[in-house]
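Common to both upcoming complexes is chain A, partnered first by chain B, then by chain C.
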Partner chain A sequence: MSIRLANISKAFGNTKVLSNISVEIEPGEFFVMVGPSGSGKSTLLRMIAGLASVTEGRIYFNERDVTDLPSKDRKLAMVFQNYALLPFMNVAQNVRFGLENQDLSDDEKTERVEWALNLVHMADLSDRKPKELSGGQQQRVSLARALATKAPVVLMDEPLSNLDAQLRTEMREEIARLHREIGMTLIYVTHDQVEAMTMGDRILVLNDEKIQQLGTPLDLYNHPANEFVAKFIGSPEMNLLPITVNDEGDRFSIGDAFWTDNAFVLPFDLPAGSYHLGIRPEKLVPVSIANPDTITAKVKSLQQLGNDTLIFCDYDGQSLVSRVPEQFTVAVGAELNLLLPASADEWHLFNVDDGEQIVAAPEEGAATYGA
Partner chain B sequence: MELNKELNKTTTDSKGNVVTKIRENNKPAFWFLMPSLLILTLFTFYPMIMTIYNSFFATNIRGESAKFVGLNNYFDIFKDPLFLKSLAGTLVYVVLFALVTIVLGVVLARLATMKLRRIGWFQTAFAGTMGTSAAAASILWLFLFNPSVGIVSFALKAMGVSKTNLLVDPTGAMIVIVLASVWMALGFAFLILLSAFQSVPPEYYEVADIAGWSQFKQTLKITVPMISPTLFFLFVVEIIDGFKMFAQIDLITGGGPNNATNFLAYKIYQDAFVFHNFGTASAESIVLTVIIALATWIQFHFTERKVYYA
Partner chain C sequence: MTHVKTGARYLLLTVVAVLLLFPILLGIWASLLPTKDIAAGNFLSTNISLNNYWQAFVTTPIIRYMINSFVTAGLITIGQLVLCTLAAYAFAFMNFRYKKQLFFAFLVTMMLPFEAEIIPNFQTVKAFGWLNNYAGLTIPFFTSAFGVFMLRQAFLQIPTDLVDFGKYLGLSRLQFLWKIAVPYSRSMMITFALYTFLTHWNQYLWPLITTFTDDFRPVQVGLKQLQSEDTFANWGMVMATAIIVLLPTLILLLIGQKFFKRNLNAGGTKG
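Showing the complex of A and B:
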């Protein structure tokens, strides 16, 4: 089922939460809405579900206006962060609970329950009470309850947030598999950018009442539309440095002013002025010998992740982080030469005033949208 | 073998240590308990023991035990048709009172959790009877049902009912007493139920909304099971309260008409302080206590199994 949001706004009293959100979600799409807490992503999901009223705008399911329809008439199912399993019912009863009012015979309902529990590998535990299950198992039951309805749209509100890290990875895979097997339209809300990146066909980044960017995971990573998306997607965060370009537009200094004796060559021409330069941590590479394209930063701390090493440095009061894809050792307090990326693809430039992306080198095929 | 002995010795030693430790730790506890122990002894335990003692004696007019009569007081009250009538009436009243209070409490609490306009005002109003004294409430109800100025009498007359003075009719008087008691108990029941309702996670209702359950079915199948511990607690409390009810009868019906509302607590009071039969009244008190204990035990035994605790 396709879903279209047309100019949706939401206010609680005088507090605006969302303004003018317009999105089209394709049938069968795995659509992720991500944003920090308070960004209105859950509210948007609840409006789609019919659990929250819409202040302004319309919602269409398959081009049919459902804005004023109650939840039960929208043909959808929802999975909640706290699972919402009734504690006095066993697993099978909980799954059946979502079917109670569907036009099915008792046998058909029993069949559906079995089918759904098999899908999530919980058939063996169908007579357990929720409190006898682990968090991951409870969330599987809650998924089964949503799937048993065979609703064409399934909404998930931070379904993995109550699970520990290991289970989360496992359930991420599980939800992706269920989506592949069943092919329902799945709208998934999370505050975790890793979940968003690894699961979604497309990601909608919300913040500050507005859509920050809509695109595929790699789109968002490679071409963030503004500083917010640049910092929100990717871990550790993208480094952001203020830079100033000279009048000739071929050299720049890091900081608020241009200094000839502390300038670097630009990889492409830019109009004179101030910018924010974004560099992904993996593109800020430590090198052993200083050259005209390196900056010398002081190592503040080191995080060994086994496969990666994160090096946190200080450059002239600026915090920088570099990620090296190996086990790397350097003494804390030592000076480290970091190579600024020379390729335009590895440069992310943002407007100093509004943080919007600046399309620096369209001829090199960098970004085609943004400011 | 040797090892076992050693082990046993160590265990015994450490047990001894633990007991001494507990004794030492409990010293301040005794002083903390002292004030309530004193008060309870003076106003609860002593009267309780005296009541048991007196129930085996015939007493004089000053309430002093005059002659040991064994269990005769008990035999006598169970031969007394007035006591049996009182007992039957009390049981009917208690069951009606507890059921109506809880059902109305559930309805009001459910209403108060709905997102309606001015709901705060209603919440205060519903809980308001908690702050009303039994005496004031009784006078209010007495006026409501007053045959010449009461609004209920007017209403009944307007509807063409010929018997407008409910208080002179045995069934009518029972209804008035139940209504007045329910009204007074409702505030407490409402508050307790409201907090129970609000502790039910909203997601349960949202799941049910999406699945298409009606409000009524949601209340019955989600709310009631979720709040069953509270319902059970209220039921026990209201039953006990019902047995102890006194002020409404004293002020509204005086036990009448024809002893139809002469419930146990009131009869005990009358036997003791109006007719000065302290022995009889003591025996009746013991019977009332046993009945309450029994009723509570039955509830714990049979109902609690059906209660779900999170």
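Showing the complex of A and C:
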């Protein structure tokens, strides 16, 4: 089922939480809505579910207007953060309860319950009560309950945020598998950018009432539309440095002014002025010998992750982080030479005033410069 | 040091327990003795028998009193469960004008002592012709602010996700109440039912002024009747009836103990 949101706005009293959201979700898509808490992502999901009223705009399922349709008539299933299982029913009864008010024969219901419990590998525990299950198992039951309805649309509201890190990774894989096997349209809300990146076909980043960006995970990572997305997607977050480009447009200094004796060569031409330069931590590489393209920063702390090392540095009062894909040792307090990326696609430029991305594509020769 | 402390604690508990249990134990003992031994102050008599109980069942309307009490307390419990649940649902899940004010008014009635309502209630019941009748004994008690408050608190503890789940399943209000809210709060409902039953089993003042015949008189009033009437001198038998009346209370308390402990102290903690 395709879902189209047309100019959706939502206000609680005088407080606006969403304004003018328009999105089209393809049938069978794994669509993730991500944003910090308070960004309105859960509200948007609840509006799609029919649990919250729409202040303005329309919602279409398969091009049919469902804005005023009650939740039960929208043919969708929902998975909640707190599982919403009934504590007085066992696993099988809980799954069956999701089929309440559906016009199915008893045999059909039993069949569906078995099918769904098998899918989530919970058939063996079907007569347990929810409190005898772990959090991950409870969420599996909740998934089974949603799947048993065979609804063409499944909505998930932060389904993994109550689970510990290990279980979360396991359940991420599980949900992705179920989506592959069943092929329903899945709308998934999370505040966790890792979940968004690893699971979604497309990601909608919400903040500040608005859509910040909509795209595939790699789109968002490689071409963040603004500073918010740049910092929100990716961990540790992207380094952002203020830079100033000289009048000739071929050299720049880090900071609010251009200094000839402290300037670097631009990898491509830019109009003179101030910008914010974003560099992913893995593109800020430590090198042993200083050269004209390196900056010298002071090491503040190190985080050894085993496969990666995160080096937190200070450059002229500016915090920087570099990520090295190996076990790297350097003394805290030591000076470290960091090589600025030379390739244009490793540069992310943002407007100083509004944080919007400045698209500079010198390779194609069709550079579009921002304001 | 800790031994001394524990010892002292047990000693104190034992003293309090003996003090509290003494009248009951004395009553049980006396109910087994012939009245003439009691009258003679011969409490250490060995003439123990169940004669008094036999006599109580045969010569007094104690069984009738018990039936009356069961019917009265039972009807009130059912009435309160139904009506308080419905009111609690409205206060917990529905939005309507003046909800807060109305709930406040409900709570205020909790502060009013029952004695203050007796005269107007009596007039009302009398006007309906319900005196000396089960209707008069039960209908004035079919709701209670305490019950509405207690069940509302229980309903408010139902997770919002579960409420949303009910909505998207398309459950009607009554279906939600019956299939989710009530079973979810069942231990609170049981506590409330036991509490209501016990309270009304022990009611005295209202039945005293609204019942005139043994056909409707409940046990507590009946007991008083036994003492003041023809059997006033038969202490052994009066004691036996008192113990009989006490039994259902004790049994219910024993059954309900775990619910009481869990729920009457429960504040905002999740169940």
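We adopt the following convention: the second predicted complex is superposed on the first by the 361 of 371 C-alpha atoms of A that agree within 3 Å, B and C clash if a C-alpha of one lies under 4 Å from a C-alpha of the other, contacts with A are read in each partner's own complex, and residues count from 1 in each chain.
Methods note: contacts are C-beta pairs under 8 Å (C-beta built on N, C-alpha and C of every residue); 3 or more make two chains touch, one makes a residue touch a chain.
Remember, predicted model here, so these are calculated numbers, not experimental data.
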Taking chain A as the common reference, can chain B and chain C both be placed on it without clashing, or not? Answer clash or fit. clash
Let me test your reading of the model: by the given contact rule, A:14 touches which partner, first (chain B), second (chain C), both or neither? neither
In the superposed arrangement, does A:288 touch chain B (first), chain C (second), both or neither? neither
Report for A:101: first if it touches chain B alone, second if chain C alone, otherwise both or neither. both
Quick check for you: in the superposed arrangement, does A:329 touch first (chain B), second (chain C), both or neither? neither
Where does A:49 make contact in the superposed view: on chain B (first), on chain C (second), on both, or on neither? both
Classify the contacts of A:86 with the two partner chains as first (chain B alone), second (chain C alone), both, or neither. both
State whether A:72 touches chain B only (first), chain C only (second), both chains, or neither. both
Overlap the chain B and chain C contact sets on chain A and report the shared residues. 49-51, 70-73, 76, 78, 80, 82, 84, 86-88, 97-98, 100-101
Chain A contacts chain C in the complex at 46, 49-51, 70-73, 76, 78, 80-84, 86-88, 97-98, 100-101
Would you mind writing out the residues of chain A in touch with chain B in their complex? 49-51, 70-74, 76-78, 80, 82, 84, 86-88, 97-102, 145, 149
Residue ranges of chain C touching chain A (in the complex, touch as defined): 159, 161-162, 164-165, 167-171, 179-180, 183-184, 186
Chain B residues touching chain A in their complex are 201, 203-204, 206-213, 222, 225-226, 308, 310
